[in-house]
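Naming follows writing order (A, B and C), and every chain is counted from residue 1.
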Amino acid sequence: MAFPGVALQPAPPETQAAEQTPSRRRGQRGGNLWRAIRHNRKATAGAILLLFFVVLAILPGQVAPYSYTSTAFKPALQPSAAHWLGTTALGQDIFSQLVYGTRESLIIALAVGGLSTVIAVIIGVSAAYLRGVTDGVLSLITDVLLVIPTFPLIILIAAYVRSAGLVTIIIVLGLLGWSYGARQLRSQVLSLRDRDFLESARVRGERRSYIIIFEILPTMTSLIVASFLGAALYAVLAAAGLQFVGLGDPNAQSWGTMLYWAENSEALGAGMPLWAIMPGVCVALLGAAFALLNYAFDEISNPALRPVRKAMRAGRGGLDPGTVLEGSDAEPSRHRERRDR
Amino acid sequence: MTDELLRTEGLTRHFRLGGLLGRHTLHAVDDVNLAIGRREIVALVGESGSGKSTIARLLAMVYKPTAGEIYFENRPLSSLSSRSDQLEYRGNVPMVFQDPYSSINPAYRVSHGLIRGMKLHRPDLDHQRRTEEAERVLNAVGLVPADVVLAKFPYEMSGGQRQRVGFAQALAYRPKLILADEPVSMLDVSIRIGLLNVMSDLREREGVSILYITHDIASARYVADRVVVMYAGYVVEQGPTEEVLQRPQHPYTQLLLSAVPDPKAPVAVSGSSDASEPPKVIDPGEGCRFRPRCPYAVDECAIATPRLRPMRSGHLAACHVAVPEVSFTTPLAPTTPAGEPAAPPPPAGAEAAW
Amino acid sequence: MSVPLRDAGGAGANGPVVDDEILEVRQLSVAYATDAGLVMAVDKVDLDLRRGEFLGVVGESGCGKSTLLFGIAQLLSPPARIVGGSVKFRGNEIAGLSDKELRPIRWREYSVVMQSAMNALNPVKTVAAQMRDVCKAHSNMSDREITERSQEVLRLVSIDPIHLNSYPHQLSGGMRQRAMIAMALLFTPDLVIMDEPTSALDVVAQRSLMVQIKELQQRFGFAVIFVTHDMSLISNFSDRLAVMYAGQIAELGKTRQLFESPLHPYTQGLLEAFPSIRGPRTHLLGIPGQPPDLAKPPPGCRFAPRCPQVMPKCLTIAPPMYEVQDDLVRCLLHDGSQTGSPVALNIPAPAHAGRLREDFPASSPAGPPDPISR
C-alpha cells in the first residue's frame, strides 16, 4: 500500500465547450447517442445487425425467393443454389422461412421491450419518488418477480392459455420482464432525488407529476433506452424458448416455431441440421444486436467507460504511439466541497 | 424604517431522529424572529449546523414549521391553503441554490427553466412577452448576448454563469424577496465578486430584497445591509452590518471574526486554539449552546437559554454576559480607518481569551 | 526499527534554520489524454523548495495546482501522466520511478494529506488499523511500536488517543482532517504535501487547523507544499507563495511581498477579489471572464484575454519568467523594456472588463465599453 487515498485523482482540466457553434451540438441527447454509436465498434456492429434484420422484417418479399408456407419442393434437400439452406421435412425453403420469420421475432422484441419499459418506468420512478409505504409495496413486488425464476413461470402461464398467439406472448412476456429495469430506474431516481434542480422545481411550485415526467425522466433517457434494449433481448430469447417448447401457435411464422418443427422432425439426426441450427443462430444474432447496442448506452450514462483515442496529435507531448489510455471524459472540475446543511 | 416584507415569529423546526419511533429530536431551528424589509439585503451568517439552510427551506415552504409562524406582507403562511395562494407566494419568494452544477436540469436549455417559471408565475404573459422577459432578466444578471445564452445547455457554461442563470430564473417571477442559499460558496474566489455585485445590482435596479445565506462573514459585509448571526439553531446576534462587525457583542461573533484571515496581521501561533467541536443540537435542553466553547461563560449560561436583547440601537445579542449600552441615543461611531481592526469590547468582568 | 520523533529544537516565531534544497522541479509538464487531444494541465513548471520552507500554491479551479501536486508526489495515473521535466527529491530523480522504487522514500521522506478526509480515509477501518497499514507498508516496526507511535502522533494533533479505535465517520470533520495529518507525520518526513486539507471545514475549524499545522511545522522542521484556492487563508502561514494560472506559475515570491506589492495582474486581480472585514468597504472588481481552454491555450500570454493591463505584444509572445526584486513574474510588463518601476496597484476600472457582464464568445471579444452605473 502506498498512500491512503491514492485512488483520488484531481479532476481533469475543464475544456471550454462554449466556443462550439450551435450546429455541432444540436442537442445533447441526439448528438451524444449518434457519436457514441459511431465511435464504439461494438455498438456500430449492433446497429448494423439490427438494421439488417429490420430490412428483412419490412421487405421479406424482396429478399426471400419463396414464401414461408409453400411446400412445393422436395423435402430434406441439402443446400444448393436454388435452396441456400436446403428444405425442411415438409418441403419448405429454410432460407425463406428464416426471412419471413424475422418479422414476428422483431415485433415481439420491440413490443415486449416497449411494454416492459413502460411498466418499469412507472413502477421504478414512482417507488423512488414517492417513497414511504408506496415504495415499500412496489419494491416488494419488484423483488418477488426478480427472484422467481421467470422462464418456468412463463411456461406455467402460457400453458394455462394453451396455444399462445402473438398477442398473448407479448402480454405475458411484457408483464413479467420489467422487474430488472424497475430496480435500476428506482436506484437512479433515488440518487437524483435530492439534486438541487429537483428541489428547485419543487420550490418553484411544480406539481409532483410534472416533476416526475418533465424533470426526472428526461435526465434518464439513456437508462430507459438501455432498459428497453435489455428487455428486447430478453424477449427475443424468451419468445423463441416458448415457441420451441410448443406453447406458441404452431402455425405462426417465426424462428421459434421453426425450431419446434425441426425438433419434432428430429432434424439434426435426419440429415437436416441447418433446419435446427439456423433459427437458433438468428435468435442469437438478433439478441446480440440488442446487446451490442447496449454498450453504446452504457457509455453515454457512464463517461468513464468511454475509450480514449490514442493521443497522437503532432507536436504535443511525448506519449508513445500505440499507447492506449483508459479514459474519462473531462467533467467540469469542482474543488469546493459541499458544506453540510 | 423600512417597510417590512417578511417576518418570522418564534420560528422553530425540529426533526425527529431514528425513524417513526425515534426518541431523539434534532433542534435545527429554535425560536427565530427574523425581519426582512423592502429593498434590503440581509445576510444570515452561520456555519454548518447553525440552521441557516433550514430557515431558507422553511421560508421556501419546503418544510413546515414545528412551531412559530412566518408572515409575508402580514399574511401568515399557514393561511395559504389554496394552490394559487401558494403559487403566488412562491413567485414572490423564490430560491437560488448553492451548487451550480446540480441546480439546473442538465437535459434542457437555459430557456426552458426561465419560460417554465414564467408560465407558472406570470400566466398573463404570452409567448412573445415571455421571451422578451427572459432576455431582459438575462441582461439584468449580466449574461449577454441573451439570445445566445437562452439556447445554451448548462454543461456549456461555467459555474459562475450557471449561478447567474439561477438568479435570472428567480428574477423572472418578478419576486419581492430572493432566498439565496450560499450562492457563491462553490465558486472560485474571483468569480464570487461578480455574483455579489450582481446581487447588489439587483437590489438597486430591480428593487428586490435578498436573504443572503452564507458562512463567509466577509462577503456578508460586502453586500449586506443587516447581518443575522446564527449558532446551533438560534439567532445569537443581529443588527446593521457595520455595527455588528465592528462591535460584535456575542462571543461567537467575536470568534467568527477572529477566525477570518487577515493578510496584514502577523500570525499568532499561540498555544490555545479553539477546540471547535460542533454544538449539541440533539436534545440540547436549556442553557446557552455556545457555552462549551465560550471563554466568558458563567453559571447562568448553563441554566437559562439567553434571549435576544437590545445592546445598541438596532443591534441585538443573545448573551447573558454581554452588557447593553445604557442609552441608545449615541449615534453609531464611524467605521475605523483602514487597516486598523476594531477591538471588540470585552464583556464586563471577563478577559478576552481569543 | 522505531523511528524517533525528530524535533527541530529551538524553533520560534522565526522558524527553523533553512538551508538545503529538498525539492527541485524543473520544466515539469503533466498532460491528460482526452477525446479532444492532449491537454497540458501543467506546463513546464519550475519550483524549488528548501528544507523547512512553507510554500503555498494558490489558484482557481482548473489552474493545475492539484495536478502539479500529484505530479510531484508521483501519484498520477492514467489518463494523466508526466510528459516532460524532472522532479528531484534531495538530489535524486523521482519522476518516472516505479512504485517499488518509490516505496523506501514514500511516507518516510515525504507524505501527502488529501483534500477530503472522508474520501481519503477508509470508512470500514479504524484509525488504528489504517495507521498500522501505513507503518507496516513502510517499515519493520513491531505492533507495540506501531501502537505507541500512533498514539504519539494523535496527541501531536490534539486528538485523544482513545479515538484510535474510532471509525472515520465517528469523528467530526475537523478531527478527521487532523487524523490525516497525524498519519502523514508517522515517520516525520522532510516534506509534507497538502492538497486543500481545509476546504471542507468551517472557517473557525480552518483557522484552528492551520495554526496546528504551522506549529507542527515549526516544531519538526518539515517543509510543506500547501495547495489551496483561498489566498487569504494561507497568507499568514506560508513563507513563499506560488500563484498558478492555466497550468503555469504566474508569480512566485515571498508571501509578504506578494501581498504588499503583487506584480502579476492576475495576482493583483485575485487580491482585489477578497472582501475584507477590516478597513473601509470598497467596491471590488473581481476578474471577469474565464480561464482558457487548456486543450487550445491562446498563443502568447494565457492571461491576456482577461488582463486589464494587456499590451499588443501580450497576444503573441508567451512570457517567460522574469526576476524582479526577488520575485518571479511571468508577465511582459516586467520584461525590462518598460521604463520605471513595476505598475502600481491603483489602476482605474478597466473599460472593457465589464465586470457585471459575462460576455459570451458570440459577441465580439473586446466589446464596446460598458457604462458602469456604480
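Quick notes
As a working rule, a contact is a pair of C-beta atoms (placed from the backbone, for glycine too) under 8 Å apart; a residue touches a chain by one contact, two chains touch by 3 or more.
Please read all numbers here as calculations on a predicted model, not as lab measurements.
Using the average of C-alpha coordinates as each chain's centre, A ends up farthest from chain B.
Pairs B-C and A-B differ in how many C-beta pairs touch across them, and the larger number is found at B-C. Centre-to-centre separation of chain A and chain B, using mean CA positions: 49 Å.
Inter-chain centre distance (chain B to chain C, centres taken as mean C-alpha positions): 31 Å. Residue positions of chain B with contacts to 2 or more other chains are 48, 158-159, 215.
Residue positions of chain C touching 2 or more other chains, listed in rising order: 61, 202, 229, 290, 360. The set of chain A residues touching two or more other chains comprises 14, 18, 334, 336, 339. On the side of chain B, the complex with chain C involves touching residues 47-48, 142-145, 148-149, 158-161, 164, 188-194, 196-198, 201, 204-205, 215-219, 221-222, 242, 245, 255-267, 269-270, 273-278, 335-342. Interface residues of chain B, counted against chain A in their complex, comprise 48-49, 53-54, 60-62, 86-87, 90-91, 94-95, 97-99, 101-108, 116-117, 120-121, 151-153, 155-159, 169, 182, 185-187, 215. Those residues of chain C that touch chain B in the shared complex are 13, 60-61, 158, 172, 174, 202-208, 211-212, 214-215, 218, 229-233, 235-237, 259, 269-270, 272-281, 283-288, 290, 354-360, 362-363, 373.
Of all the residues in chain A, the ones that touch chain B in their complex are 14, 17-18, 20, 22, 25, 28-29, 195-197, 199-206, 215, 218-219, 221, 332, 334, 336, 338-341.
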